[in-house]
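In the two complexes below, subunit A is the common chain; its partner is subunit B in one and subunit C in the other.
Moving on, here comes the complex of A and B:
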C-alpha cells in the first residue's frame, strides 16, 4: 500500500511539476525568431516572424522581415515588404531609406533617384541621410551637379573623400586610346608603356625589332623566301602591337572605372549606406 | 625475455638484419628499440604526417573524384565545318596545329583560353583581319613571362584568365576582373 501511494505521489508530482512550454505561443515564436534573426539566419527567422504575424500585428516584425530579405539579397521581396509598412508605423521613415539601399544594391539607379526625390519632398527625419546617399550615388552617373551643391550635405570628413571622388569623376586620369596607338606606330611597344604595361611594351619592341632585323638580314643575304616570311611576321607583330596598345588603353581605363566604383561603394558601405543603425539584437 | 626473443629470431631467420633490428639488450645502444636510421625514418614519417594531415579548418564534404586520366586532345574540339570564307584557311591550320603540335606537346599556354582557341574565338567574334591582329597581340603577351600575376586574374592554379572580350576594342564588352581573383567558368 505504501509503495502504491509513493508511486502515485511520484507520478502525480511529475505530471504536475513537469515543465510545460508552449513552443507555439506567439511570445515563444517571436523569441525563437529573434534568436534566429540575431544569428543572421534570416531565412528561418522570416518563416517564424510570418507565423507570428498571423497571430499578432506588429510593424517592427514587418520591418524585420523586410530587413531580413534585404540582408539575404532578395531585393524584390525586400522592396515589397518595405513598401507594405504603413505610414502610421514608427518604421515608415526608416523603411523609406532602406528602400533606397535596396534600389542601390539592386543597381536600379533610376528607381533610386526617383524614390530619393520623393523622400526629400516629404518630412522624413532622415532627409539629410537621404540627400547624402543620393549625392554619393550621383557620382556613378554622368550628370554631376556643381561641386558645392553636391558636397553641401556631407560632414567635414566626408567632404574631403567625396571631393576627391568628384574631382576624379570630372577629370578621370584615363589613358587616350589614340595616343597609345600613335605612340606604338612610331615606336613599337611605347603605347603599352604609356598605359603602364611596361613588360608587354618591351616585349612588343623586342619581337618587332627582332623579326624586322631578321627580314632585313635575309633580304640582304638574298634569302628571299625566309626574308618574306620574317617580313610577314614583323608586320604582324607591328600591327598587333598597335592594336594591342589601343586595347591596353581601354583595359587601363576599365580598371580605373572599376576602382572608382569600388571606392564609392566602399565609402557607402563604411557609412552603412546612411541608413540608421537598429538595436534589434541588444 | 629479450634474450629468448633474440634466440628465437636467430634460430628462425638466422639473419644479421633481424639481430641488428633487435639491438635490445646491447648496452652501448642508447635507444634500445630503434637504430639511428629507423629513428630518422620515423621522424620523417611523423613530420610528413603532421605537415600533410588534414587540418581542422578544411571542411569535410562530399568529394566527386574522377579517376579518368585527363586527355588534353579531348579539349580541342576538332571541327571541319566551314561556316565562313575565313574558315577555309583557319580550320585546317588550327586542326593541324592541334593534331600535330598541341596534342603532342601538351597544353603549355599559360592563358585560358589558349592562344589557338583565342585566335579561333577572336576570328569568330570579330572578323578575320581583326582576329589576326588580336592573335599577334596575344602572342606578344604570351611571350612576355614577366609579372603576369600583376596583369591577369587566375583561371585555375596554372592558368591566367585572358578572354577575347577584353580585346575587341569595344569598351562595353570589357569586364574588368580584379587581379588575384580566380575565375572558373
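Moving on, here comes the complex of A and C:
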C-alpha cells in the first residue's frame, strides 16, 4: 500500500512538473509582456501586448501599450493609442491626463491647452491635476491670468514655488538692450558690465582706451599712417563694444528665459506632471 | 509480475513526461538560437528573454543570458551586452562558462573603447587562470585592447611573444612604422618653422608657414635694429608670435590627423580582411 501511495505521489508531481509550456497562450504572452514592461523593455513589451490583444480584449493592455510608447518618447503613437481607449474603459480618465503629458513633452502647447480645456469641461476625476498641470504650462505662455486664479488649484507648498515663477514671468529681471548700447556708447565696456559680463567689459574699456590713446598720441607726433591705423582699430573696437553690449544683453535675457523654462520643467517633472501613479509593477 | 509491469509503466510515463517538459524549453532555446543564427537579433533577444522568463528551474540561465549578450553585442548595443554578459558570468556553472562570459565582457569593452575596464578584467582573469590556452587567449585580447587604445607598438610586441599571432604582429609593426611622431613634428617646428609640416608630407603648408615666419621675423628684428621698439613689439607680438604658435599647432594637428587616418585604415583592414578572431 505504501509503495502504491509513493508511486502515485511521484507520478502526480512529475506530471504536474512535466506540463508542456505553451509559450503562445494568451495568459503566458501577457505574463511575459508584463515582465518586459516592468523591466522597461517597452518595445518588446508592446509587441507582446499587441499579440495578446489579437486574442483577447483588455483595456489595461491598451493603456500599457500607449504608456510604453510614451516612455519610449514615441509621442505620435502614444497619442494614437491613448485616444483609442474607449470612454467606458476604467483607463479613459487616466488616458486623458496622459495625453496632456504627451502634448507637453512633444512641445505642442496649443493641443495641450485645447485638450486640457476639454478635460476640464468633463467630469474627469483628475480635474484638479489637469488644472494644476495646465496652470503650470500657462507659465510658458505670454497671457497670464490673475495670480489668485493661477495659484488656486495648487497645494500650499506648490503655491510658493508657482508664485515665484509667476512673479518672475510678470516682471522678468531682463537687461535692456537699448540701455546696454547707450552705456557702451558713453563709456566703452560699461554696457557689458551692466549685463554682468564683467571681464569682457573691462577688456573692451582697456582696448578701446588704449587704441584711442595711441591714435591720439600718433596724430600729435605727426605719425599720420600709424595714427590712422590706430584710429581704425579704436573705431572698430568702439563699434564692436557697442554691438557686443547689445548682444550681451540679448544673451543675458536668453539665459534667463532658459533658466525659467528649465525651472518650470523641473517642477513638473518632480510632480510627475500631475499624472497618477500606476501599480502595474508591484 | 503484474506489479513489476505496473512499476515499469509508471517509470516510463514519468521519464517521458519529464523529457517532454525539457523539450519544450529546449525547443524554445533552439528556436531562439535559430533566430540568432539568422542574424535576427531583436527577435532572438525576445525569444531568449521568453526562455529565461519561463525557465523556472534555471536550466538555460547561462546560455540565454550569454546569447542575449551576444545579440546585443552584434547589434551594437554594447552597454546592454555587457549587462547580459555579466549576468551570464553570475549564472555560470563551471570554469569554462565563467571564462567565456568574462572574455566577452573584455571583447565588448574593447569595442566600446573602455580599454581600462577591459584590461582590469584581463588582469583578473590572468590572476585566476592557470591553463596555457586560456592564458594565451587573455594575452590575445590584451593585444587587441592595445590596438583599440592606439598603442600599435605594444600590441605588436604582445602578438609577437611566443608567436601568438604572427599576422597581427606584422600588421601592428607596419602600422607603428607608418605612424608619425607627434612630438617630433611639433618640436622640429620649434626650431625650423614649417619643418613639422614637411615631415608629415604637407609641403605647401610647410612652405607657407616657413615664409610667414621668415617675413614677420625679419620685420620684427628690423624694427628693433632701427630702434622702432613699439613697432617691433607690435609686429613681434601680434604677427610673428601668432604665426609661430600657429605653425607649432599646425604641425601637431597634421601629425595627429595623419596618425588617426593610418590607425582607422588599419582598423578598417582588420574589420574587413582579417580572418582571425576579432573582438
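Just so we're on the same page, the second predicted complex is superposed on the first by the 263 of 282 C-alpha atoms of A that agree within 3 Å, B and C clash if a C-alpha of one lies under 4 Å from a C-alpha of the other, contacts with A are read in each partner's own complex, and residues count from 1 in each chain.
In this text, a contact is a pair of C-beta atoms (placed from the backbone, for glycine too) under 8 Å apart; a residue touches a chain by one contact, two chains touch by 3 or more.
Computed from a prediction, not measured in an experiment: that's the story for all the values here.
Student: Taking the superposition on A as described, I'd like to know which of subunit B and subunit C A:83 touches: first, second, both or neither.
Tutor: A:83 contacts neither subunit B nor subunit C.
Student: Looking at the overlay, what does A:241 touch: subunit B (first), subunit C (second), both, or neither?
Tutor: first
Student: For A:254, using the defined touch cut-off, is the partner it touches subunit B, subunit C, both, or neither? Pick first, second, both or neither.
Tutor: Only subunit B is touched by A:254; subunit C is not.
Student: So, A:107: does it touch subunit B (first), subunit C (second), both, or neither?
Tutor: neither
Student: Name the contact category of A:200: first (subunit B only), second (subunit C only), both, or neither.
Tutor: The answer is first: A:200 touches subunit B but not subunit C.
Student: Okay, in this complex, where on subunit A does subunit B touch?
Tutor: On the subunit A side, the touching residues are 197, 199-200, 202-204, 207, 236-237, 239-241, 243-244, 246-247, 250-251, 253-255, 257-258.
Student: Under the definition above, what is the set of subunit B residues touching subunit A in their complex?
Tutor: 130, 132-137, 139-141, 143-144, 146-147, 151, 166-167, 169, 171, 174-176, 178
Student: For subunit C, which residues count as touching subunit A in their complex?
Tutor: Residues of subunit C touching subunit A: 7, 10, 13-14, 17-18, 20-21, 24-25, 28, 45-46, 49-50, 53-54.
Student: If you look only at subunit A, which of its residues touch subunit C in the complex?
Tutor: Per the stated touch rule, the residues are 7, 10-11, 14-15, 17-21, 23, 28, 31-32, 35-36, 41, 44, 47-48.
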